[in-house]
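Shown below is the structure under consideration.
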């Protein structure tokens, strides 16, 4: 019983980590809390759904399609809204506000166009069976989520710490002006970050959409609350922290629902977030940036 | 009262009420923005005030003044819980924590019995007279204006410019952050109670994300040069959908668009002029 | 002479790196005290410790005999400690006059309720503040710029505005972080003159500076830091000839130049 | 002339910082810009390196108009700036900082050769390759900034206040490094507060006053100009 709970918690945590991965990347490299992130999550799920349902594509085609759509949307929105603010060196709250307006606009348009009813992936998109690990039962969607999260976390880590692109991204995160003096094209790096974050959001949308099998325009908005909790608990822009925080949050939610009351579950993220703000505002891992006057 | 005025008030009562209430909400947003912070919890504070006020009116025989006071106190407590830990951090943290507050309160409203669940609360007595709303708005505007023109307003403007430098000249920055957040929660709570007692029906959806963004759009459109800006912003954004009926159905799109356009192209809003405090003495 | 500021055994670490390591020194009232040392020696950190921007790990800081280490930043301003910043920090959107008036914040006493209700006491105080701010601007030579937006001032003017803002609180101690940075010799000489007049008004100055000529002519006492530790303390004459200082900070050439210059100045007298 | 600037105007928002400047740098020369703060020295360097968009005027590099290129393309073309206040990537290691200097060079022998050359010049850094640059002392950070720029093997090096905020001893060291670079025949445009040392090292100098060139000529002549002595050299 406990083992199953723990496994469920870890799977849920993996979805949160997966969701927060791209968000953290945006916060870390672009230095902006981009509230439209949840929209890319929704968009990925909706596009993949349309691919499966209306075009009859297999999941293995629909998934990259959803990821690509989300990535492109992220690039377009960032270029249209945030690039001008970056150029004008506007304060960080201005960027936050612009994405806030944008996300309301985007969701409103989406729900006017599609309605707010819940849509589902057709039966048979995923194999129906399940795997038993001792007493723990894992469904196909859950396994897919855990595996994808592992692959993406590892991939992102390798990208950031082992490649030239990753080095350039870290340089841009730290000081865009100095990075451009190193012959790094800052606009291109910003685009790469947006694309990558959008793709990660899209992947999360498709997989989490499959797992919950309830897709509607505001699903990203609901998920954002967890996203905020994860980036605060993990420390703003800290990829490792985000993964740890996602897992902690998932396990805490499942345990709270199992041992206290299922109603409590939705309050866990917020409670943990406020607790961390009280006790360890730099995040659980608390890795402050190295700077010097 | 002349008959025509009575007629006018009767016909447009709902509109006048929402103008006054939205003006108060815009002021509550202004108070936070004026110290260089951003709260996305104004709708949550408003909702807390609305539910507190409605429940007090439905279950106790308290006079309306005390009901309003109660609706100010409860959001203030919530604001303290969320605001205290973020006071020493950058504005981004308060914004995130307050978005979270709105979502959590929504879950509570929907699940709790006393709040009427997802259906909401009905049958709230219509105790918000027009004059009460307008008097409270005028009082709040006057008070915020006078404080803004005083040494406190100057300290707030200094914090907006450079928080560290303001602290070094003796401004108690965390105290100002907290004070502003609490005052804004109280204003939003009162506005919420007034709206509950004006519409007589409330539901959790009234205080969701969209409401939070709408309140922010008032302040952004008006600009925060002076407290008049947000109030005028609220006026414009409340009247426009009335005048242009089609806008009514596209409110989300419209308010979102307003924020995007104003931040990008008119960062100081439509009333950008700052308050003058000191003139050079002759 | 009494000690206005007494820093004793102050330490501060950042991520295991000692930025300030067991530093003690005393600033006497009415004097100009200089703090010098290589970049990264901990001078700015020490300023931040004194003004309260960062908390002290160990040791204490006495101001007029009172331990101020536990006090928050704004309370130290109230006691009479003012400072300027290495990278100028002004309120760009405020007028010059308002900026200086804001500097007087810690001295103002009109209660919140008076301001909220617009009572006469608060308005009288505002009039007094405006007059005093203008006087401070005259003192630093910016009176004709009173209604200008602070962000529109030229670089040197912004430095003087920061000093005027600091003086507006009527401080007992003014901390100046590289006030002459980025000034040409002409402007530096004007600044030295201004700072001497500030000192004559009874304000004690503690300053960090790299311009050795400036330091040597202005300061009565110097404290030298290196890698967070105090390596010397004394009169400019003593410090200039101290072998440890020459090795860690001045280098032989600069020391020789300073000696020649001091010799010349003595010859003049 | 390897670098030629004509009638350059630059502005921050509405304030014009540079009001029509002509200057030229010949290959192998060290040219310095001196002047009071706010005279526009740093703005000119930022204008040349593309960090600040020019409003008017032409910047030619090897005869090619580069005034409208973005900063990274100018850097790629071979004009590399060491910015004011060093601006090393504080959270990245020294090795990573140096690697970024030669960002356009893919892996391989060329990279190793350049790194070897830079570490040969700054042996202090060899011992600190793994350390986060933000934890170094000011003088070491300046070496990282210089080394990072040299990794690009630039055709023109723009140095913005390399001695700013450094101890007198380190100032001497930095100027001796610049002297070495000059001997090796590198082309340098130097902005310096320390006019005395700058004029000593430079071949040619421009004196700026509120956004305009007030005087220019061979550095040795400028150093003896009475007006310059009074205003910038502070010699008694």
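The letters A, B, C and D name the chains in turn, as written, and every chain counts its residues from 1.
Going forward, contacts are C-beta pairs under 8 Å (C-beta built on N, C-alpha and C of every residue); 3 or more make two chains touch, one makes a residue touch a chain.
Note that this is a predicted model, so its numbers are computed, not measured.
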### Summary
Sorted by label, the chains bordering both chain A and chain C are B, D
#### Entry: Label of the chain whose CA centroid is most distant from the centroid of chain B
D
### Task
Looking only at C-beta pairs in contact, point me to the busier pair out of B-C and C-D.
B-C
### Task
Quick one: report the Å distance separating chain B from chain C, using the average Cα coordinate of each chain.
42
### Task
For chain A and chain B, let me know how many angstrom lie between their CA-based centres, rounded off.
31
### Message
Based only on mean CA positions, could you tell me how far chain B sits from chain D in angstrom?
### Response
52
## Note on the structure
Going by residue number, chain D touches two or more other chains at 135
### Query
Listing for chain B: what residues touch at least two other chains?
none
### Task
Among the residues of chain C, pick out those that touch two or more other chains and give their numbers.
15, 40
### Message
Residue numbers of chain A touching chain B in their complex, please.
### Response
33, 81, 84-85, 90, 92-94, 96-98, 100-109, 112, 221, 224-225, 228-229, 231-232, 236, 263, 266-267, 269-270, 273-274, 277-278, 281
### Task
Name, in rising order, each residue of chain B that touches chain A in their complex.
36, 38, 40, 81-82, 84-86, 88-93, 95-97, 99-101, 103-104, 107-108, 111, 209-210, 213, 216-217, 220, 250-253, 255-260, 263-264, 267
### Message
If we count contacts the way the header does, which residues on chain C are in touch with chain D in the complex?
### Response
15, 17, 37-40, 152, 154-156, 178, 181-189, 210, 212-213, 227, 248-251, 253-254, 264
### Message
Under the definition above, what is the set of chain A residues touching chain D in their complex?
### Response
164, 167-168, 170-171, 174-175, 177-187, 289-292
### Query
Okay, in this complex, where on chain D does chain A touch?
49-51, 70-73, 75-76, 80-81, 83, 87-92, 96, 99-101, 103-104, 106, 132, 134-135, 148, 152
